[in-house]
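Residue numbering begins at 1 within each chain, and the chains themselves are lettered A, B, C, D, E, F, G and H in the order written.
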Amino acid sequence: MDYIVYLSGEIHTNWREQIRDGVASADLPVSLYSPVTNHEASDEVGVQILGAEEKPFWKDHKASKINAIRTNNMLQQADIVVVRFGDKYKQWNAAFDAGQAVAMGKQLIVMHAPELTHPLKEVDAQAMAVTETPQQVVEILRYICQA
Amino acid sequence: MDYIVYLSGEIHTNWREQIRDGVASADLPVSLYSPVTNHEASDEVGVQILGAEEKPFWKDHKASKINAIRTNNMLQQADIVVVRFGDKYKQWNAAFDAGQAVAMGKQLIVMHAPELTHPLKEVDAQAMAVTETPQQVVEILRYICQA
Amino acid sequence: MDYIVYLSGEIHTNWREQIRDGVASADLPVSLYSPVTNHEASDEVGVQILGAEEKPFWKDHKASKINAIRTNNMLQQADIVVVRFGDKYKQWNAAFDAGQAVAMGKQLIVMHAPELTHPLKEVDAQAMAVTETPQQVVEILRYICQA
Amino acid sequence: MDYIVYLSGEIHTNWREQIRDGVASADLPVSLYSPVTNHEASDEVGVQILGAEEKPFWKDHKASKINAIRTNNMLQQADIVVVRFGDKYKQWNAAFDAGQAVAMGKQLIVMHAPELTHPLKEVDAQAMAVTETPQQVVEILRYICQA
Amino acid sequence: MDYIVYLSGEIHTNWREQIRDGVASADLPVSLYSPVTNHEASDEVGVQILGAEEKPFWKDHKASKINAIRTNNMLQQADIVVVRFGDKYKQWNAAFDAGQAVAMGKQLIVMHAPELTHPLKEVDAQAMAVTETPQQVVEILRYICQA
Amino acid sequence: MDYIVYLSGEIHTNWREQIRDGVASADLPVSLYSPVTNHEASDEVGVQILGAEEKPFWKDHKASKINAIRTNNMLQQADIVVVRFGDKYKQWNAAFDAGQAVAMGKQLIVMHAPELTHPLKEVDAQAMAVTETPQQVVEILRYICQA
Amino acid sequence: MDYIVYLSGEIHTNWREQIRDGVASADLPVSLYSPVTNHEASDEVGVQILGAEEKPFWKDHKASKINAIRTNNMLQQADIVVVRFGDKYKQWNAAFDAGQAVAMGKQLIVMHAPELTHPLKEVDAQAMAVTETPQQVVEILRYICQA
Amino acid sequence: MDYIVYLSGEIHTNWREQIRDGVASADLPVSLYSPVTNHEASDEVGVQILGAEEKPFWKDHKASKINAIRTNNMLQQADIVVVRFGDKYKQWNAAFDAGQAVAMGKQLIVMHAPELTHPLKEVDAQAMAVTETPQQVVEILRYICQA
């Protein structure tokens, strides 16, 4: 079968490209979805399209909701959700996506360094795989795609 | 109507007690649920009941799953989920709970200091109220409980 | 069986009281839920509890979401949703509630004057009864409550 | 990913054509669905196909239900529902569609003039974007369609 | 556990009373729900409460929908649905109830004489028990109610 | 949009062919599904494939379940379910299909002669259109398929 | 909160009584449900109530379905499902119950000896706790029931 | 219509190939999905990709979860689930898959030798067909695929 995989979370390293390359090299029947990973565009989109706000709260609010139109659709369409946690920033949206994915019955794969095991234990506990590298995700996809 | 409210998130301040006191003072028809907030008991429960583990990952894993038996049931039973983010720790489990609550169609109330607005924008965007204090949560409960 | 009935819509006449009186007189096993019908309290609740807003849009936004915590819960708990349309105001929230009720699989009863038949045809089409008076609603409740 | 967008509400201006043109110009992977926007055909379809009625209520009833076969299917298939409210007519069916869309977990975009903010506050509160023009809807679609 | 049992179908023999007596004699923790079994009241309720109709179709339509407010709620609340088919009348509403019950995931018990086996084969095929007498239904309830 | 339409019920007249011809003539984007309409094949399939039975009940049981593999899938895939009731036979399976369709949220169209209005009132009450001829079904499909 | 716990699986040791005693001793707010554990009654119930069968297959079939009326209801009502696998018999029904429980979103606790780890790995993988003794189940219940 | 069929269970005989050949010979519009049937690869995949474990329990755990990413997706996509039980091994995963399939509303076909009737009675009771050979499954597929 074909799989739709939504790649959620950290946006400051090239892990999505590595997965994309791995999937392409192995010629896997996998469609990869991503949020808008241009940080500035993603932060500005609300006021850009819908008009300026004085309070940062409402600026963020309008941006987050437009981004949610995309991410909610991707979460709903996805068969598998991969969420990567980096070592910087709060990344609460990554954990929030993971929570939605689990409640929607999607198969969750988490990616993070071993140092983050303790704070991520609740997320890991409901994942189908806890990985450390994009290569491991590609290997899992290759394994589940075999005839 | 009566409401079941699940109080998720930060466990190092007495915000739950403040809400509990406010609800009791106002004699509201509200049942309050909480996770196990004894940090050590919560971390140790897996190995305590199910046997020791050498790797911290599996120790955390066993604990988180037992805790999930409680929290998943509370999330399913709840009408309203209040999630508080403090200024310390990663608190990914709080955002994870918030994600599950939203995907389950629960009414979400978030509580955090204004400084956390930007990293919490995706969570706030799907909440029905973004509060800063336990008193505001009590006021909301009082408002929605009126005859 | 007992029924939970949510009374949605128009708030400027005493139709809810008439239904309440009818249900009490007939001693029916019916719990009646209502939104906050104090117009001013309902409009002000957002800024009252969560802080002032300059733009009317955000003032309304905060109020509507707090009110939604109540109404969404009532819609979810209800077995039957009665929605009354009056001859004044836009009352889009009444039609919005009716739409949610139908999509949630609730039994919908609509109440309005015959003059409103044409603009309400889509709502009426998915209702289980189209009434004109509170007395008719009480009669329906009495009928379905018989042993 | 591709999106299916259902354009609900006001039928007396050419806003749907503007969105259609914008989507075509930008070559977006978006399918646009609309209700039957020929007002007379839509009003007459019940008696036209299923036979005459003396009472206007039943004439409307038969028409609305045939139209609902189309609109209910479009609501169920849609990923995003755009609902436009004009300054004329009651447009309760627009708010009714919006209520169904929200309860079905669809992403809702509302379009209306700022003057309608107060009566539409409950609908706006559950929308992912509140726009004023078709161009803003197109910009949102372009934003969420980027690679 | 306690069970809610909805007794649907044939209304011209006293099978419901026999089940009611059997449940009472055995003191089972079972709540029994029934449609309105007064044939005339059930046929007239629409025009009685909501006003006269010239066409029999609309008279039936209004009555059936008011009855559906009751039966849809009972179907939704029930744990078990018992549907009895007699040897007279079309009883399409009984089969219609059975279809709804199965699609809602309720446990279905059918009751009918052996002569009706062939025309009822599709309904029987999705039932958990095919009985011939009220006593058999009572025996099943007694069996599943044991400690 | 394209529609999948499941044609359920009476199998002794050529109404399905008339709809098929009408859909083909009008070149509508409609896929038509049918149960196995070969009466004998449908009755014998259980014992044919799975082995003989002495009791007619089990012969029917095995056949009905194999047929249900097909019809349940068609009901689940369908956007619209058309159910025709003829003037002969019990046709409880038609009403059973209609009940399942309604509980699954499918749009229901019923077809029957006016003489059957009273015994079919509960089914008609939850239908989106009550037709008498295949031509009316085709007209409805043509109407909802227009651009 | 209170919990409903369904105790599924092996019926030849007194593990249910041990859990029942533990729950009673600790005075936990837990309701315990069980299938009919009288092996002979459970095997004979179909033919006992619904009439004799010559083929063992149909005898088993009728019995299993009556038992399913009870177990399906218990699975639906339960918050937590405990499934014990013993060292004898096939116990496919235990694994079948576990599969249903997981697909219904229930919290699953498995109990079995360590020797059965390999053949039960797929079931264990989706459980929230894998225990070996009734005492461990009681400890988990005590832990999640604390204030 | 086209069908997606997931072939679950026993992996030591060539029953899947026989079904695959039968489907190909008859040119049926059926897509066949299978779990990874290479026993060793399936057992080793967890430690192979995600790193070694000392305890067999965690080795199995990691492997089972990666396999579940595949099988859960296949169960969700499938229209029909065929589960074969052989005469060797515990095969609890086969019964576990069957339980999930039934709870998800999939049409279940079971395959096993007559000797296994008694221990499989609960699974058989909720199946749409109980077969003994791959040829019978192919015949059922051919029957339900006819025009």
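Basically, contacts are C-beta pairs under 8 Å (C-beta built on N, C-alpha and C of every residue); 3 or more make two chains touch, one makes a residue touch a chain.
Predicted model only: the values in this text are computed from it and were never measured.
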item	value
Equivalent interface to A-D, taken from A-B, G-H or A-H so that over half of the residue contact pairs match	A-H
Farthest chain relative to chain D (centres taken as mean CA coordinates)	G
Inter-centroid spacing, chain E versus chain A (mean Cα positions, whole Å)	49
Rounded Å distance, chain E centre to chain F centre (Cα mean)	23
Cα-centroid distance, chain E relative to chain H, in whole angstrom	37
Mean-CA-position distance for chain G and chain E (Å)	31
For chain D, residues that touch 2 or more chains besides their own	65, 68, 130
Sites on chain B touched by chain C in the complex	1, 3, 79-80, 105, 107, 109, 127-131, 136, 139-140, 143-144, 146
Touching residues on chain H, where the partner in the complex is chain G	56-57, 60-61, 63-65, 67-68, 85, 89-104, 114, 116-126, 130
Complex interface listing, chain D residues touching chain F	31, 33, 36, 41, 45, 49-50, 62, 65-66, 68-70, 72-74, 76-77
